[in-house]
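Next come two complexes, and both contain subunit A; in the first it sits with subunit B, in the second with subunit C.
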Partner chain A sequence: MKKRNWTPYLLILPSLIYLALFFAWPMTRGLVLAIWDEEASLSLHEQAQQNSPQTGRLPQGTQIGILDQQGNFIQPEELEEGNLLTEVWFLVSGEDIDGQAVTGWASESRIRVREEAADGTPVVGSVRTKLGSDADPLTDIYAESNETSDVVGKLEALTRVEIQDLVTLEVWYLIRGEEEGQTIEGWAQSRYIQVFSDETTGRIDRGNTGELTTKYIEKMVNDRFFAPALRTTLLLMVIIIPVQFVLAIIMALVIQARLKGNSIFLYIFAIPLGVADLAVGIVWYSIFTHFGFLNSILQGLGLIDAPLTYLSADTRYWIIVAVCLAEIWRATSIVMVIVVSGLQAISQEVLEAAEVFGATLWQRIRHVILPLLRPSLQVALILRTILALQVFAVVIALGGGTVVTVLANETYRQYGDFRNPNVAAAYAGLILLLSMVSAVIYLRTIRTQEEAAE
Partner chain B sequence: MKQTFALALVMILLASLVAACGPTEAPPEPTAAPPEATEAPAATEAPEPTEKPEEPPAAAEVVFFSTQFSPVEEQEKFRAIIQEGGFDFTASEEGPLIDLVKAGKEAGQSELDVVGALHGTFPPLARADAMMNMIDVAEDLSDDREFAAAFLDTGLLGTDDFLYYVPWMQATYIMAAHRDALAYLPDGADVNALTWEQLGDWCQNILDETGEPKCGLPHAGLFHRFLEGYLWPSFTGGMVSNFRSVESVDMMEWARDTLWPTIHPQSISYEFMQEPLLSGEVWVAFDHTARLIEAFNTDPDNFVAFPAPAGMAGRGFMPVIVGLGIPEGAPNPDDAKALIEYLTRPEIQGRVLNELGFFPVVGGVDFSDLPEGIALEAGAVTAQASASDALPALLPVGLGERGGEINQIFRNAFDRIVLDGEDIATVLEEEAANLQALMDETGAPCWAPDPPSDGPCQVK
Partner chain C sequence: MKHPDDRRSATVQASAEVQDIRRRMLRRQRVNRALTYAVGTLIALWILVPIFFIGSMAFTTREAVRAYPKGVLPFIPFSTETMRFFLSSEGIMPGIINSVIVAIITLVLSTLIAAPAGYAISRYIFRGRDAFRLSILAVRAFPIVVLSIPLAVVFLRLDIFDSVYSLALMHTALTMPTTILVIGSVFASIPYELEEAAMVFGCTPVQAFRQVVLPLVLPGIAAAAIFTFVMSWNEVFAASILTVQNRTLPAQVLNTLDQSSEPYQFAGGFFMLIPALIFIFLIRRYLFNMWGQITK
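Now for the complex of A and B:
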């Protein structure tokens, strides 16, 4: 039996791990945000215990009635288990305004610990000042460690109290709500419930069970800026890419012609490759702005009397023109580099043969060079289209990002301004989808000769 | 030979992979003690003094991130003030700051000691349970200084006992006008007690007599506050509940047919009104005090500051509150408290007002020696807040991390009606549905000037 060579597999393993860890996993996690509502519904339990059977689920936002509440005592070792939302109650004793001794329970949020025993147990505290302007300035002291028990006394702010005991509670509510005509009743932890001021009604503030949803995608599509963003992105692609390819092929042919000072051209053409896109945006902004280079040149030549305003909401087409120019200037050279390498791969003999048979320059380009360039053009097209879908910094620099907007900018706005990662993920997914679809279309339509022969 | 080389390559790649993962795993090991100390308060809501002895010595530097004072000039002025107290700060954008604090919460160890940000930045942090309760800090500070009670109230974010931030500074939005514009005031109008109708007439007079629209609004800036905190409350008495009332239909008609035609068309790209005011492009403008201050400071003799106009329901205005909070698990909570103490000293608050134009939140600040520009603003701010028909409109509370969406709803309503010419009733209907959905999804109860509600605020 032939000995299997494992080296290639060993070599590929780290890159696979790398891809999975730093690319596929975060990307999947990110895209899942667009279709998965993490807090869609709340599971209710038969008893106020995590492990008791479930009675049903209520969707987030349901209005509910609160029937009962229960505080489960939590042992210190259970605290370590995490994911518990607990409140601490102190058994305190102090003197009220009339000098009467009051002993009872108060929530930790009302008592500030001032002194502790050596083992960290609080022993002395003071009543906290109430901040709310319409709040009762006195603090209620309860007979038991919950707010539904009897009030045994009231203490003034800053009263010194002895802390005799403390308990840690996890509060559960027995709630009832309707879901599709069915009444569902069960226990849920306090953190999921928003209690209204009458203490008997409330709503489900957040769920603990996720489900698939299209609401983020709907929100994206119904957004006022969705259609303009998609339109502008596609418009920019349709204008920029053909112009860039024509320019890049001409530039590549110029370099390939091996004129004098050939390498200088290459360097000049490649300069924009080294400039960051935001910098490009700012450079072109300084050209098009009210007192920018363009207006000064036009004024200097006497073509206009007063500076024209290009980059404003009333002249959005100028913003698009400026974005196109900046993008063409910035990213044509990357196409050129690919085309130059493709041109160099074309055998000199083929070109000479065409010349010997009397083909004109145009005929040589049309029938010899372009067909042989197909593979590199395909690569360049895919690359450029993906980059065009990502256009962002230039648009921000030139148009501020609200008057003329693109998909990448909307992704950013949803995440940054509206703090809505789900809708941002939906936008990111759309950009990914468009990139993939366009790449597949290019791969199918511009087939190379070898593929066509297969 | 080939295989040994390949193996070596694999080893190198694996090693670099481990190194790349390293930073996320490494921290817990050397600091085995602190996580325990920080976990306990996480479970019991409030920090307990027990962990203090375990904290590193106070020599460590306080890390203070602020979303305020990010322009370079402001940074320099503020840094000079804060460095006198032995502290420093880093200017940060709001989004990255929120991400940083939330990441610290998840890691159990915060990178930041103090966060200085607008009121609206705190709800998402509160929702992530990422902040410490500042109630004891505020109590201690109240011993020798007096905070404006209303601002301590807003720092509670609707809770009873959890103070998310100690108030730091305040600002608001006022009007500014060039003295030349005063000649065109409509008959009987008092610039310090204008109504919105009169403002419309004033702008119309200016347009008629100078041939140019010389009133300006910061449509590319904080224009949403103009809608939420000024127009809607003044005309309808509410922000959310009366969003599509009869009054708001009238208001939008007025805004579209009377006000907007007299507004400078470049308004759509104005971010800060101080620049068009100074260049003379605009004579009458509405903006944030910090975005007008340059005009008052540069040319105090030629500009006047005055309160925003009033509508039928009152003189709606919106205070802006900047707060200081400490993230859960901050490495130097004691120094953080010292920094907060420093920044809320009356004399430091006075210097911030003098040099940066943000108003104090504590009593006892010396107003006697203010620069002229700031004194102008201070007069208008006081007149606005103490007007007999004053109607403070608070910033949204309870929208959590989705606070930005309400701004977009108000902007959409205005832009669709006034700029795109869509039908008023239809637009208000559709945007009211969006607003109601936002309230229902977040469960936000009404806030001032709307009457308090049980459960999500309802659009009538």
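Now for the complex of A and C:
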């Protein structure tokens, strides 16, 4: 019998747990933000209790009439939620109008606290006088801490009572609203409802029931920066990637020639690999800015009389040129390293054979090196496309982020400037989708070519 | 490229015609080599000249930065004024400290978790190994942008938003796949026979690992760790999303970019670039371990 070796599984377990916790889980949670409206509608209840049957739902923003209100228990940790309207009820005991001792619940609005314990808990109070001539001058004491329970006694105004206990309640409203011609009535917690100043009307501030929605995606697509961002991102990809591949193959051939001083070349070619994209943006900003190096050189050569402006709203194409140069400068190294590793895997005999048979450099590249490099180029292409979709700091450093904008920049602005994580998640989802689609397309086309060749 | 020596013996008796061909080939080789040098030098200049420009701006007077036409270092006064101005600007020192803390936590966490996994994928053949490698690659290729937003929202709910620790947790998730692959390839470059031999001579597996394998892989693991540090140091998108008060250096520079002066920007740009210059030099031998792996 073959015994299964568990060691490798134990060794990879920590990384799997970590990636599940900090990668897979937040990723799924987050992408859901783009298509799930957590506060889409508010469920109404038959009674002012969480567990009572639902009468229906009203979407967020519905105008409602407020018919009644009532307090109900609330968990202490829920008190921190915003927009809560609460009321406090006291368990009081005192003498009722017949001189009998009664104990029951009364709303805080009916009791004036007279004495407090050292920690601030009320101990003794008195019944408030009711205002208004037609009101019942007596105050009702209830069996439970709400006005629908049985009345256990009536207290006269100014009766001294002992406060034995207190409870904080959240106010529930009985509301009525219309949804698609139907009138729906039911109870809902005050935290979801915005009451207007007349206290009889209001609107649903936020819902408590989520539903699928396309509104964030629509908001993204209708944003005026969406189309320019998408277009610029794709344009940058189309310009940058081919140039990078040509340059990277040339760099790799230089490295592969194993000249004296090879390691110096390798070091210099690899430097951009470790440079922050923001730093690269600033470096190229120093070249293209109004009083920058490009103008200084041109003026030094006598080609211009006064500095030209490159990075302004009127010269968008120059910003794009600068971004392309900066990205080519920065991200060609990674392609070069992948190509060099690919070249090292090609046997020297094959290359020498081609040379002995008189193939020119171009013929060798075209018919020997490129076909053998295909797997490496495929990986590099996928990697570069995905990274090109994320270009961000370079664009901000060179263009400020409004004149020329890209998808990653819009994601950042939706999250940071407009405080709209849902739309930001929609942008993030779009970037992910484009990355996956391009990766699949590359894998497909290259595979079908191979199959056709067989 | 072949060496002329290889063919010397074969051409000792060669006819004049063959010698003529040989001379032509040698000449062609010399021309090729000169061309390769020229191309290599050109590309090297393309990479170095912008760095030199920004370096000149970082170590001169503020006056020289504002001057037009701009000069480069030997021709403009050398001074630490702009760099000192940048380093003493508000939020920069805390930013550097935050960046270093985040990068070090990321480096330690990432290496500690990745090393066993790297060892496993290089030394064991087990069911699910390919699936594991593939999912690691998928994570590596995942857009950072996509991960930042969800994590920010989750961290906000868990109340660990805006702290260097939550940022380090995220950077670890981003760098770990690369670290696993690099460490895996470093282990793979040490033949398993060495470990076996040590065990034949009476080492326990743990001893064999500690006394034979570990000394050999430590430089490679150090290179992976350094690269992890650089990735974390450079990362700006997630850092700007996840931190507000406790910004890292790139996040701080990015957020003050549009309201800062050129001396500040240029000195900041060069300062962020320095680790790359040093660390790429230290790990240059391992670059192909690092990226070659993903093509295999």
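The rule is short, and it goes like this: the second predicted complex is superposed on the first by the 339 of 454 C-alpha atoms of A that agree within 3 Å, B and C clash if a C-alpha of one lies under 4 Å from a C-alpha of the other, contacts with A are read in each partner's own complex, and residues count from 1 in each chain.
The rule is short, and it goes like this: contacts are C-beta pairs under 8 Å (C-beta built on N, C-alpha and C of every residue); 3 or more make two chains touch, one makes a residue touch a chain.
Just so we're clear, the structure is a prediction, and the values are computed from it rather than from any experiment.
In the superposition on chain A, A:Q54 makes contact with neither subunit B nor subunit C. When both complexes are overlaid on chain A, the residue A:R29 reaches subunit C alone and has no touch with subunit B. Contacts of A:Y415 after superposition: both subunit B and subunit C are touched. Touched residues of subunit A were counted for both subunit B and subunit C, and C has more of them.
Looking at the shared chain after the overlay, A:F392 reaches subunit C, while subunit B stays out of its contact range. In the superposition on chain A, contact of A:S149 is made with neither subunit B nor subunit C. Of the two partner chains, subunit B is the only one touched by A:R112; subunit C is not. Of the two partner chains placed around the shared chain by superposition, subunit B is the only one that A:S312 touches, whereas subunit C remains out of contact.
Looking at the shared chain after the overlay, A:V254 reaches subunit C, while subunit B stays out of its contact range.
Of the two partner chains placed around the shared chain by superposition, subunit C is the only one that A:I334 touches, whereas subunit B remains out of contact. Residues 7, 10-11, 14-15, 18, 22, 400, 415-416 of subunit A lie at the contact with subunit B in one complex and at the contact with subunit C in the other. Interface residues of subunit C facing subunit A in the complex, by the touch rule stated above, are 1-2, 32-33, 36-37, 39-40, 43-44, 46-48, 50-51, 53-54, 57, 66-71, 113-114, 116-117, 119-121, 123-124, 126, 128-129, 132, 135, 139, 141-154, 169-170, 172-173, 176-177, 180, 227, 230, 233-237, 240-241, 250, 253-254, 257-258, 262, 265-266, 268-270, 272-273, 275-277, 279-281, 284, 287-288, 290-292, 294-296.
The residues of subunit B lying in touch with subunit A in their complex are 2-3, 6-7, 9-10, 13-14, 17, 20-21, 39-40, 43-46, 48-50, 93, 95, 98, 124, 133, 135-136, 138-139, 142, 149-150, 152-153, 155-156, 160-163, 220, 265-266, 268-269, 401-405, 408, 412, 416, 440-441, 443, 454-456.
On the side of subunit A, the complex with subunit B involves touching residues 7, 10-11, 13-15, 17-18, 21-22, 60-61, 63, 79-80, 82, 84, 86-88, 107-110, 112-113, 116, 120, 122, 128-133, 135, 168, 194, 196-198, 201-203, 205, 224, 309, 311-314, 400, 402-403, 415-420. Every residue of subunit A that touches subunit C in the complex is listed here, in rising order: 5, 7-12, 14-16, 18-19, 22-23, 25-31, 33, 247, 250-251, 253-254, 257-259, 263, 265-279, 281-287, 289, 291-293, 295-297, 299-300, 307, 329, 334, 337-338, 340-342, 344-345, 352, 355, 361, 375-376, 379, 382-383, 386, 389-390, 392-393, 396-397, 400, 407-408, 411-412, 415-416, 421, 424-425, 427-429, 431-432, 435, 439.
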